């Protein structure tokens, strides 16, 4: 159980209810996931994070599936179970199959490996990589 | 400077030379980046990591640009300067513009944020997310 | 279950018993929490960590509640469930309500976000920030 | 240098200029720090992060100094140099002296230590810590 | 349960079966651990990671027990439960007793502490430490 | 430069001077490294961390070189430059050659990789690994 008492749907009102309704409509789901019922214990955070996610995950130069897979990559690196499971589920819905997940995880694993090698040996950045702006 | 003395190209021979030649040919570059000259101090690691990266980064279900952007996401989360700069440079070569990098970083930032929120509140995983296999 | 067999209270003697008694008295609790029964498998670590925590968490320029909230911030960033739950409980005892926890988590989330943005873009430190000593 | 070309003040217009002006006014400084000139390469991110920080860092149940110290705690745990230096500078301005920084860092260090001990031994959460909501 | 459906032994064939057989023979165990049944959902990753581990963990300048203890150190720092438990079990088999685990964890805890102190204060590297190559 | 003004040797007195003298004698060096001159800005932390390190790094069931290599493993995973460089230097003094460092880094890299794979796929712990106490 979370470290706060979640705000259940029937207890939601005001700005919390508005966000809950928007989550269910935007996602096309009939329930409010636990992360939102937890953040609702601090309404300004609920509102800010939900608005941020809606904006960040909207289709743009990168498509929603790519964005969900990047979310899985970040969450796997940080080891956030809730986030790994929810973003994997979201990516599945958008078409990620085992082969794509396999490639995603292979990339995530490889660069967690090389990150620790480059840091551990304190490899100096090649000047060819310095001017990417 | 790295914590080992790198193996410069003119000092490379045997399996190290072979990997160096393959790196320059595969990448179409006229020099060997520092990470490889560092790993060359332990030839089995040089060989294993290079073979692994060639295999993992090859086009598959995910395209090379998506893979490089995932590498940037992982490296940003771990804060590996060498890796951030080299993979950003690689993604640039494959067509990533400021807008795409902006969306990538927005996603990376957002989920580093929500990862710490989900963990910090110890949010329980919704059962709807448990069955993704 | 832990990866070692914990030292239960009835089996404790010598320096382990002394620390156990001090923990119960200092904290005003009738039991010894699992972290201490685990560290007791290596008595010098038990003694050193307990003495360190007593000293570090004592009131000083920062008050105990602020210190417990910083402990929650660190533990949330590292995703240590035991630590998140025990320090949240300790902060609750010292008066942290949902609003304070909400602000704490909002700050923790925000800076986990901006940390990855500053690292991911490799933003150069402004010289105005260099001279804080 | 950052991995993108920063938007200098003289090149800023539209929503970027508005944010730049607000930053300088809100902070009472005559320049725009590099993090914002970097995020300005993706205007929706600049706007969202700045609005978020203004809201999150405003005085509430926690005072601004406590919030800046929590920012230092998170940034030290993640090792973000830019963030450590900028939030340490901000906390200094708000009155943090060497003694307070010393206590802050002692707490940060201690719980990075105990986090790895609790995780490394896989200590089970005491039931007394489970009901904090 | 994992985020993919594991490949059970009776369903394994081709290169997956070969790896499974090699794992059981090399480790002298009568079952295939879950990590391998999970990686088998992406056969090239299964093959690459197993070959890598066999090579990396073979006796060399460092003995297998030291290598398993380093694996516990890394996994404790990253908080990977699966990895902590499996490498602790492997180290136990190779002779690690509670005293050795206690010293290992004391070292892991201490340097997670000092890492955050050195980063948090942004301590400059002494020139005496720069020339280790 | 650090975020505090370090206490130089000539300005040290009382408990700070005692620790400085002990560091130089114990380590057999003619100077005080920057980490200690930084921690000296908060004398109780200086004293506690130095006493802790002396105790933790003393020969025991694990030898000092193994302990220094574990310190390098933790510091590489956390990316603490100061710590990587100082512990690599210490391990070199105790006899670590390029081959040993190569094996150490190969192990560190491999398990940073598999940590993210086990977490990313949320692999369930085999019951065979649960009873190590």
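The chains carry the letters A, B, C, D, E and F, assigned in the order they are written, with residues numbered from 1 in each.
Everything that follows uses one rule, which is that a residue touches a chain if its C-beta (ideal position, glycine included) is under 8 Å from a C-beta of that chain, and two chains touch if they have at least 3 such contacts.
Treat the numbers as computed from the prediction; the structure is a model and nothing was measured.
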From chain D, the most remote chain by mean C-alpha position: E
Chain whose mean Cα position lies farthest from chain C: B
Same or different residue numbers at the chain B/chain D copy interface, by half rule: different
Chain C-chain D separation of Cα centroids, rounded to whole Å: 20
Distance from the mean Cα position of chain E to that of chain D, given in whole angstrom: 33
Chain D residues counted as touching two or more neighbouring chains: 1-4, 44-45, 48-49, 52, 56, 73-75, 77-81, 84-85, 88, 99, 102-103, 105-106, 108-110, 112-117, 119-122, 130, 132
Complex contacts: residues of chain F adjacent to chain A: 72-73, 75-77, 79, 81, 84-85, 105, 108-110, 112-117, 119-122
Residue ranges of chain F in contact with chain C within the complex: 1-6, 44, 48, 52, 55-56, 130-133
Interface residues, chain E side, partner chain A - complex: 3-4, 41-42, 44-45, 48-49, 74, 78-80
Residues of chain D that touch chain F when the two form their complex: 79, 84-85, 88, 98-99, 101-103, 105-106, 109, 116
Interface residues, chain C side, partner chain D - complex: 1-4, 29, 31, 33-35, 38-39, 45, 49, 52-53, 56-57, 60-62, 66-67, 69-71, 73-75, 77-78, 80-83, 85-89, 92, 97, 99-100, 103-104, 106-108, 110-126, 128-130, 132
